[in-house]
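Here come two complexes built around subunit A, the first alongside subunit B, the second alongside subunit C.
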Partner chain A sequence: MSPAAQPAKLKPPSPPKRSLIGWARELPDMVWHSVFRNPLPSNDVERSATSFTNFFLHIHPVKVHRNTLRPTYTFGLGLMSFFLFVILVVTGILLMFYYVPSTEQAYDRMLDLRGSVAFGTLLRNMHRWSAHGMVALVFLHMCRVFFTGSYKKPREFNWVLGVVLMLLTFGMSFTGYLLPWDQLAFWAITVGAAIAGYAPFIGNDVRFLLLGDANVGQEALLRFYVLHVAVLPAILTLLIAIHFWRIRKDGGLSRPPEPESEAPPLQMSAAAGAPVAVSVKAVQLEPRKTYGLQGLVRGPLTKVGNIPDNSVFSWPHLLMAELFTFVVTLSVILVLSLFFNAPLEEPVNVMHPPNPAKAPWYFLGLQEMVSYSAFWGGVGIPTLFVIGLMLIPYMDRSPKGVGVWFSRDRLLANTAFLTFVVVNVILVIIGTLFRGPNWAFVTPW
Partner chain B sequence: MRLALAIGSLLILGVHGLVFYKQFFHDWERHQVSYFDQARGLAKTDAERNSVSGRSPRIEQFIVTSFGERRVDRCGTCHIAADDPRFEKYANPLKSHPYSAAMGDFQKNGKWERRHKFADFGCTICHDGQGRGLDPHYSHGEDHYWPDPLIGYTTQAGWRKEFLPKLKGKEYIEANCAQCHTEKEFAGAKWVERGRKLFFDTNCYGCHRVEGLSDGTLGPDLSESGHKFKLDYLWESVVDPRANSATSFMPKFKLSDDDVKALVIFLKSRRGKNFAEPDIQRFRDKLAQGAELVQTTVKPVDIVPAMAAKQGQELVDSRACLACHKLGEKDGAVAPDLTYEGLLKDEPWIYDHFKNPRASISDSIMPTFRFTDAEFKALTSYLAGLKSPPQLTSGEQTYKALCQRCHGEKGDGHGLIAVYLDPYPRDLTKAAFMNSKTEARLAGSIRNGVAGTSMPAWGKILDEQKAKEVLAYVQTTFVKEARRELKERKLPEKNPVAFSKESAARGEKTFVVRCGGCHGRKGDGKGPNSLDILPRPRNLRNSDFVASVSDKRLFDSILYGVQGTAMPPWIDYGMSQSEVGDLVNFIRSMNSKKQGNQYAKSN
Partner chain C sequence: MNLKSKSSMNTEAAAVGSRRRFLGWLTSLGLAGSGVLTAFSNFVFIKPRATYGDPQRFSVGKPEDFPAGSRMTLETRRICVVREGDKLAAISTTCTHLGCIIGLSETGFACPCHGSRFDQDGNVTGGPAPRPLPWYKVTLAPNGEIEVDKDQEVEQGTYINV
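On to the complex of A and B.
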């Protein structure tokens, strides 16, 4: 609950009353003010203080650059991914109350969720569509970051973190895919795990470690469950926190350099035309001297003050944008969940694979490549992709073209990446729609 | 921005409203409320009034643990009047389940009592469907992912339209009765029994295995067909075997709709494990391979020696032999023509072939049927008596009457039944092959047959003259190239390398290196390259064939190759006479068996 939701009144502190009725009348205000130190802000100081003192708002800078709030710059993709994660955690925890990771019960529990558990269908649908949405949005978010050149110095490491987060998202989605224990789940995981088995030397061991058995069975179900509800979410939460932390520490979202023509800063003439985030030169720290906290702060960081910059207060601008993104995300997921039911196919039949047995859609590009070459399609190329993705910020060292979509300075990089994206999307589309029995080419119409 | 936010928030609220509405106003609640109201109206005694007063809608369920895995049946949530006899005339879902004396229900103090109490049995054990669901679409199994829709009542959207009317009806439920009532002649499962009879009468058991009943290996195992397949699929597979498997060679049987229905119900009742058989009994049946069960199901015919041939003919007609074979006008289009069997084979051959079809034709697909010995003898005497030769006046007529069914209209070996024969019939259009063999050899193949293959010895039907006429017809119509003078090849009459273990071992080494690619390491003709080759590499473990071939011919084929096939002349690869001698010894060592023949040799 934020203060905005309540009609907060600013009352001058009154002398304490003795009567019980007086105490009772003051109680709500006392509680309110003990929880929220600040009134609903009406001036800049209060706006700063609100952001600064509230635990939940503290993650925001007090002021953000206007570019950060430009909808067509980020499209809110990263934030949407995060909100989907939040939705997934909430619905996931509720689903956990009903789920049993046992091959004998899992499918029956799905039937119960669909049939007789209150809101069971909605929960399952929301969880399913949010999971698919998160995979898609995380990928789109990565594309946005690339095409705006946002991975460049000083944000290299955050890009690497982002790649790891994307892999973890795949991992979450993949492990969750098995849990309904229907034909779709069973054979998708069988295919997916087989792809892991194509790795040289360690492939079979990795596969065994993942499944806990030679085939997908009770052991695999339990492992995937633990990974899905405990291990991966914990890692993901931690890394998301670091991802956000690094945004702040790397000077906020990327943006184009300030045009020089605008009013020059008054004091920092040396850094004329510099962005708001100014790299403050690190002072040579002397081991014997005692420093205050500020003395240890090193750039880049956002300067707040009377610098005539392009920034606005987070409260209310950033918060409204975030709220809006959240509302949009939640509405879309709710509407999807209302109209489309999460699939639940036949109970697992180990003797009867569907033809074709397909991995989850985001791995169908891999499966398509596997159909040409097991090792290169399933292991070689994907590994090269991931390593390549992680190395991008260290290979592309030109500082130009940051903060603009499809900058002309980055023609080569953008073309190369666009090719990568298009090839992946095409492979996924082929694998999803154009592959029929025996992985033969079919047309979906 | 604020407007958009307001709209978004309203949308979220709206969706929540809808979801809550759906959650708290179920159809089943309305059914229950309506039941309570009407039951109150119908109540005549205090007890009846009390039973409904103060009841509010709730999920009703039966949890059944006595039969196999745990079942949770919530059908009674909508069908709340199922056990209330006053609702006999009402429409579903508020209709009482009929009481039936045939089902064992009985009257006690003027009230019906059920033999199969819902609390003990639940619902899905008889009716199928998905007991856990509360939405009719899912609980009745209309969702096409659900393996067992309400049997005989609910059909799924993906099922073949022309079958739909045939897949509805009370009789289908008997498949589930048979889960517990496994005794034969059980009055409540007549359709299952009829299907079981058909399974044997139409010789399904020859190809299919059903645990405890039969052990055929040619077709798919049907022990769990009721568990694996839906009615629609079963019906389709019986009437149109190739609909799901393009390579199926199951014949299309001529069955009435009721016969198909009986078979489908019988197959639906095969669920792998039923509730009535204890595990130990299943294990016993498995050990006995169901032999006794077959004998008790198919009543053996008492064969009277004097009537044997006639009874044999009746067996051929009644046991679906002609679903595969041809005899006179009837043609199953799978197996060889039996019309002139008495002229092609003699009694011992036919009898042996019944007892073990692969004894004389090593790659025959004919199943070993479980007839009694007397029945086999009757069949044999009938077939051996088929001795009226066809009237054939020209080579063309002969080819069309006797050869075409295998060798094909175009002489290319792709005849009507060619795909079921191994080895594949000879492609007569390959001039290179046809012209590299002497006329005497070809005529010999026609008149004496080719041992170990489906090529019969036509000698008793075709004399020298007629065989030559057919050959001439083949030569002009299919080969289309004039014969040339064949060069004399330098070949030993007898293998010059004496047979010894060492020689065979040397031969095996050569064989694995040189021949294994096509003929396979075991010499069974199934090497890695064999699938790309037509005609397929010869199965060198076909003892009857190998025994019928002279050393000279083996030397010829190995040293000079077989023209028109993939067999190369090994003399070009520097293979010496002694190496070939070792190879021949190796091949012979794999087939140390009797002299092969096709019987019915000319004169």
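On to the complex of A and C.
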């Protein structure tokens, strides 16, 4: 940003008042202005300055493309996933005040949360439903990014980061599943850890490292707890920050290419007050020239001045959209948590597995595949899926079809991905509804 | 500096450049090496040397506790002690599919989770289990008790005489 972003009207400092009362009267104003550098913006310069100088707002660009704010373009899925993560962190930290990762106490603590802790049930419900929601929304967010072709250059690496974030989300869910120490938890993790054991060469070591013992027990509970409340959230937070940072550095959210006529390359006007625009192709850097910060900004176009383009100020447009998304997310979770209680089954009985012993729903596709072949279903095919997902932006290098849903140019890619999605959903549905005792085929009606 | 000729300055600059590059490489190598060692030692740290759970090697009692022809499951130990005449062996009752505890059935063993079935010797006769049930090493301790070591698998059909 240029110096133009500085506050327009700076009052000359008034001479300090002598009397104590005068000082006390000025104190609130002084503190307020020391915290908030800008008044609530009433013009474009102040709108820029507000986004630019506020720590919590400076993650946003000063201006944002109109397409980014189109609700039907993103459906706010990524942002909702993030807000669910925030809700999970807050409720999770609160739950930590009462939880003890011990096989003797964990289940009793669950009962205490339900019976004697104020808001205990509500917080546990919120944590559980947000966790389920986050898994679902992260997956839907990935589908949105794919079907709009948004993983293409220059956003390839952010797609890879997104895949890693999805795996970490699964990891958070998986580790959190054990903590209530009920029958569901114990057997789901027994099954899940056994699946990990099928990995070639390292499988048994991975399983042993994860469980800290030969079987699921106290060591596993402690390890899963540490992973769940410290290790994975730290990694997740760092990668989310990079994920967001890359959105900015890769030129904002993807959008369809602008028609040429709308962005005049150079427009100079001598008329007073008329917009002055200079457009620079930032990619055409010359090695021997000295550049200011503006010259290094990536992206196809660096705009200076107030040229007519398809962008709006982040304050208030983007912020309102984000606030709206947050309120919707929180409301849905609250309503769900008020009406539906998170399940808690019988305490662990290592002698009697429930029949069938089912993993969480989002792993049931995996379990369904495992019932055909433990290695291929549990390790081989999922690994190939993940590698395939990560390689997508490097395989599909055509620049066409970015920024629109189901572009005609991407018929093959979209069909292939849709097939992948549908197969996964069908496997999850079969595993959830159509499998009964001994994993035999049953009908839910 | 100003006394030296231009060519000697260039040579010196080149020497400084290559020395810096060399030191740069050395530094990177040292840092990367330390990073790898740190990661490795962390893995060594989190891999327990002693486990706190049930021991893998334990005594299951005297041979008299297992009458001839009996097949007795010890659920907490997750084994089945098989005695045929004077021969005795221990077969795992952890399903080789996904780790559920299997029970005795008329034809051998059956898993309640995903329907795997095994014969008397632990061979898979149905269901998704990929491997037969392992047999564990059994020894007769000097005090006459039977010791089972779940860390040591033995070939199917290996009995000890009691």
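Throughout what follows, the second predicted complex is superposed on the first by the 385 of 445 C-alpha atoms of A that agree within 3 Å, B and C clash if a C-alpha of one lies under 4 Å from a C-alpha of the other, contacts with A are read in each partner's own complex, and residues count from 1 in each chain.
We take it that a residue touches a chain if its C-beta (ideal position, glycine included) is under 8 Å from a C-beta of that chain, and two chains touch if they have at least 3 such contacts.
Being a predicted model, the structure only gives us computed values, none of them experimental.
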Fit-or-clash call for subunit B and subunit C when the two complexes are aligned on subunit A: fit
Which superposed partner A:V442 touches (first subunit B, second subunit C, both, neither): neither
Contacts of A:L209 with subunit B and subunit C, given as first, second, both or neither: second
Touched partner set for A:V45, first subunit B, second subunit C, both or neither: neither
Which of subunit B and subunit C A:V423 touches, first, second, both or neither: neither
Subunit B versus subunit C as contact partner of A:E346, first or second or both or neither: first
Computed vertex angle (subunit A) for partners subunit B and subunit C, CA, steps of 10°: 40
Subunit B versus subunit C - smallest C-alpha distance in the overlay, whole Å: 6
Set of subunit A residues, in rising order, touched by both subunit B and subunit C: 351-352
Of all residues in subunit A, those that touch subunit C in their complex: 187, 190-191, 193-195, 197, 205, 208-209, 212-215, 217-219, 223, 350-353, 355-357, 370-375, 437-440
Residue numbers on subunit A that touch subunit B, as the complex places them: 104, 108, 111-112, 114-116, 118-119, 122, 182-183, 320, 323-324, 327-328, 330-331, 334-335, 338, 344-347, 349, 351-352
Contacting residues of subunit C [partner subunit A, same complex]: 43, 46-48, 51-54, 56, 75-76, 78, 97-101, 111-115, 127-128, 130, 150
Subunit B residues touching subunit A - in the complex, by the definition given at the top: 1, 4-5, 8-9, 11-12, 15-16, 18-19, 23, 59, 69, 72, 74, 130, 132-135, 138-139, 145-147, 228
